[in-house]
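Read the structure below first, then the notes.
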Amino acid sequence: MSALGEARPQPAPTGRSLGSIRRSFAPWADPAEVPLIEFARVSKRFGSFAAVSELDLAIYRREFHALLGPSGCGKSTLLRMLAGFEEPTSGEVRLDGQTLNGIPPHKRPVNMMFQSYALFPHMSVEKNVEFGLKQDGMARSERADRVAEMLKLVKLEPFRSRKPAQLSGGQQQRVALARSLAKRPKVLLLDEPLGALDKKLREETQFELMDLQQSLGLTFLIVTHDQEEAMTMADRISVMREGRIAQVGTPETVYEAPASRYVAEFVGGVNILSGTVAERRGDRVRLTVPGGIIEADVPVGSRLQTGSPAVFAVRPEKLRIARHAPADPGVNAFRGEVWDIAYLGDMTLFNARLPGGEILKAATVNAARASAEPLGYEEEVWLTFAPDAGVVLPE
Amino acid sequence: MSADVAEPAGAPAARPAPEPAGPERIADSASFRRLVVGLPFVWLLLLFLVPFLLVLKISLSTLALGQPPYEPVFPLAEIASFGERLRELSFENYLFLTDDPLYLDSLISSLVTASVSTVLALLVAYPFALGLARAPERLRPMLLVLTILPFWTSFLIRVYAWMGILRNEGFLNQLLLWLGLIDQPLVILNTNTAVLIGIVYSYLPFMVLPIYASLERQDPRLLEAAADLGSPPARAFWQVTFPLSLPGVLAGCLLVFIPAVGEFVIPDLLGGSETLMIGKTLWNEFFINRDWPVASAVAVVLLVLLVGPLLLLQRARGSAGAGAL
Amino acid sequence: MGGARGWSPFNIVSVVVGFAFLYIPIVLLVVFSFNASRLVTVWTGFSTQWYAALLANQQLLDAAFVTLRIGLISASLATVLGTLAAMALTRYARFRGRLLFSGMIYAPLVMPEVITGLSLLLLFVAVGLDRGFWTVTLAHVTFTMCFVTVVVQSRLVSLDRSLEEAAQDLGCPPWKSFLVVTLPLIWPAVAAGWMLAFTLSLDDLVIASFTSGPSSTTLPMRIYSQVRLGVTPEINAISTILIGIVTFGVVVSAVLTKRGAVRRARDERLAAEG
């Protein structure tokens, strides 16, 4: 399994394009483009623990990049190495082509928004925002203008003389944002910036952050463990695991064409069926799994051969669930029994149990308010899918 | 392992490679760090560690060398000639300690007195700490301040206060006579009983606060859970509350025991001629007999005795609220 | 939530008895400083003559003055060193000799005073420093700085480290982030550490006895030599004054803490209202 996860965006497995839904912004695809941030074979060890291992990553100007992974995967360490709070054990961190190694945090042209916000409790909102400008020795009148501009940007003008403790969580978050943006950093680092907000406020703020990033034309690097948050905001996502990057790509690529089983399972819900490659023809393989045969695509360049063990990964919403057998029940079709039903409002999740005991998850969108003949518990159903619904990955 | 860590990895360096990486390169961070760590470190080395080495050295020297008028020598010169000195070392002073039963007796008596007073202090302090921890939340800060307040007032004065109480014509005897419980004044002052009372009284806050800290931290829902599972309050105390407070109890006992072993003021003012305590013996050896080498040897023995409890305290500190003081 | 539910009569009695044990000796001491008679255990009438006698006791006043000066200087030095040591222990996870360093911080807290006193005396003799005002001061700095460290350290541990990182991220070199962010936020603990160092210095008998010279007799040494001769109302009077000062200090700091809590509650209300 460890052989998986090359840090390379995977081309779309099918003829159709992935990753161009949002906007036509893809400097990473242009070989002439120079990255703004580069991690070059960067490692960081704490004692015998390797937080980051031999990691390479390039992030481009005006990109909104998310580092996604479970806690302890090294994503915060990566961010802190860019901010200067940790020095790499080996390798080099570059910004705009200049090395950052050995430069203390207070001399780096990047700013950070902290998870705890780290607002100075003994200073007013205004003083907090002004703090970084003061360190630069900016003239008083210019400072006042910049502070006013920042407070306007985050809509906190009426609260300028309050202390952080006198603000709500959402307001504090905006002060932290204004403070870290005030110095016009080359890169804004955001360490779990929305973790302390409740769900509704978090969703609103996600869009505010995206708008802000767009209108200011800044490069944002965000650390998060919330895959929805990463998918909503980021142009590209680096999925991290144990100090390495498992996959870098647009949200669509990471979701629809995961490079490994780990990525498939970490980002979104997924069904995994293990089996053996029975036949390979181009990028199309036949996979025998318990209870059926799957015909599906492998990613370009996959080394899977006839006889290799492999898994088929398919998202629940790509499965069709129906009472009646499909035209060709031999391929890409499984018979099962409704085991659990979870009604979520916008969609309904079905857990279907195959004769061998495996559970397959299928999601259906509730496009109409009522269904004529809803599926019930223990009903026999057929689960079917198209050949390009999922991907075949090495075991 | 460290070899490959330090090795400058074959990073694709487009620019001139930086100096060896690491926080040391960050000039002003390093000088700040040097100040923060270095200043107190050097101070403690010079005024805490070096003096101990001197005690050790003088305890191994002969009386003539150590006794005043003492030739002032700089420690640097001392260290340089340490090899020669080693040959002159004598364990005479330690042998002397084993010869005279006074030293062994006062050592044993110190340990016994400290142990007994630790147990007594625990018996007084535990219910007290429990009462504080169960007090209504709005009263607790005030009660805590009241508990710490005597600790801030002079130790000497607090010991002195007991002299007025324990004397033959003191308050305690007056009270007992008035109540008719006794018809002859009890002799308490200048006995070992008075020393025990003095130690328990003086060190009580050291016992109460760690226990209180460990009790106060406990989730009251634990007791609700115990009751819910059928444990009556008295049993729930022994099954839940008490075991969870043991780190605090341990820290409290050590905080009382360690200084009590070496206590000087209490045995001197409240104790009598039969009271033997190692701290008082050291004091007498130094100020009355003026035998510095023997006083140093006594100090070394006392320190060796305390190494175990000190290490235990160091470990207990993390888990219990010993830092509350 | 646990509140008064668990405050049983047994608990209340324990607390009352505990406080009685702690305070009766002190109360008796104070009351009998106002006794008219020389006998300190039989009440004969109210008088302040022993306070007047104190003012006439030049030796005692001199000793008090020396003690005060030693206390002020040593507490201030100990606060600087102790705060730096607390920073070292909480902010620098690794440095050479850290184990030795933390050992030297914690050991003096419980070290029998006779050992500390003796060892420092031997040092002063070894380097040929005349015993007097400054040797006592140096000795007091050494043993009180560790208490300052413990007090300040417990505050630093609970201080969000990213506050200092944020200051550096926004352009402060480390020394400046310490001065403009850390210090303003921990000053109550630093002040408490200073108070503790000051009272410990005022209180110390044993270490001062070892390290002082003939010209630098401190108040506890003076009191001790009189107490050895027996109980006298003058001692009660001076004790009462000392207790009064300490009580005043503790009450003031408790009120300040309380006021801080009230302000925090008000802030929270304001935050909730938006």
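Letters are used for the chains, namely A, B and C, taken in the order the chains are written, and counting of residues starts over at 1 for each.
Assume contacts are C-beta pairs under 8 Å (C-beta built on N, C-alpha and C of every residue); 3 or more make two chains touch, one makes a residue touch a chain.
The UniProt protein names, listed by chain, are C = ABC transporter permease.
Note that the structure is a prediction, hence the values are computed from the model and not measured.
When every pair of chains is scored by its C-beta contact pairs, the maximum goes to B-C.
Ranked by how far their CA centres sit from the centre of chain C (ABC transporter permease), the chains are topped by A.
Note: centroid distance chain A to chain C (ABC transporter permease), computed from Cα atoms, is 54 Å. The mean-CA centres of chain A and chain B are about 54 angstrom from one another, to the nearest whole unit. Computed from the mean C-alpha positions, the centre of chain B lies at a distance of 16 Å from the centre of chain C (ABC transporter permease). For chain B, residues that reach two or more other chains under the stated contact definition are 28-29. Residue positions 104 of chain A each touch two or more of the other chains.
Among all residues of chain C (ABC transporter permease), those that touch two or more other chains are 173-174. Contacts from chain B toward chain C (ABC transporter permease) in the complex involve residues 28-29, 32-33, 35-37, 39-41, 43-45, 47-52, 54-55, 58, 68, 70, 72-75, 78, 124-125, 127-128, 130-132, 134-137, 141-143, 145-150, 152-158, 160-165, 167, 169-171, 174, 201, 204, 208, 220, 223, 254-255, 258-259, 261-265, 268-269, 279, 282-283, 286-287, 292, 295-296, 299, 302-303, 306, 310, 313-314, 317, 323, 325.
Within the complex, the chain A residues that touch chain C (ABC transporter permease) are 83-85, 104-108, 110-112, 114-116, 118, 120-122, 131-132, 135-136, 162-163, 165-168, 171, 179-180, 183. Interface residues of chain C (ABC transporter permease), counted against chain B in their complex, comprise 1-8, 10-15, 17-19, 21-23, 25-26, 28-29, 32, 40-41, 81-82, 84-85, 87-88, 91-92, 95, 97, 100-101, 103-108, 110-115, 118-120, 122-123, 125-128, 138-139, 141-142, 145, 149-150, 153-154, 173-175, 178, 196, 199, 202-203, 205-206, 209-210, 220, 223-224, 227-228, 231, 235-236, 239, 242-243, 246-247, 249-250, 254, 257-258. In the complex of the two chains, the chain C (ABC transporter permease) residues touching chain A come out as 160, 162-163, 165-174, 176-177, 181, 184-185, 264, 267-268, 270-272, 274.
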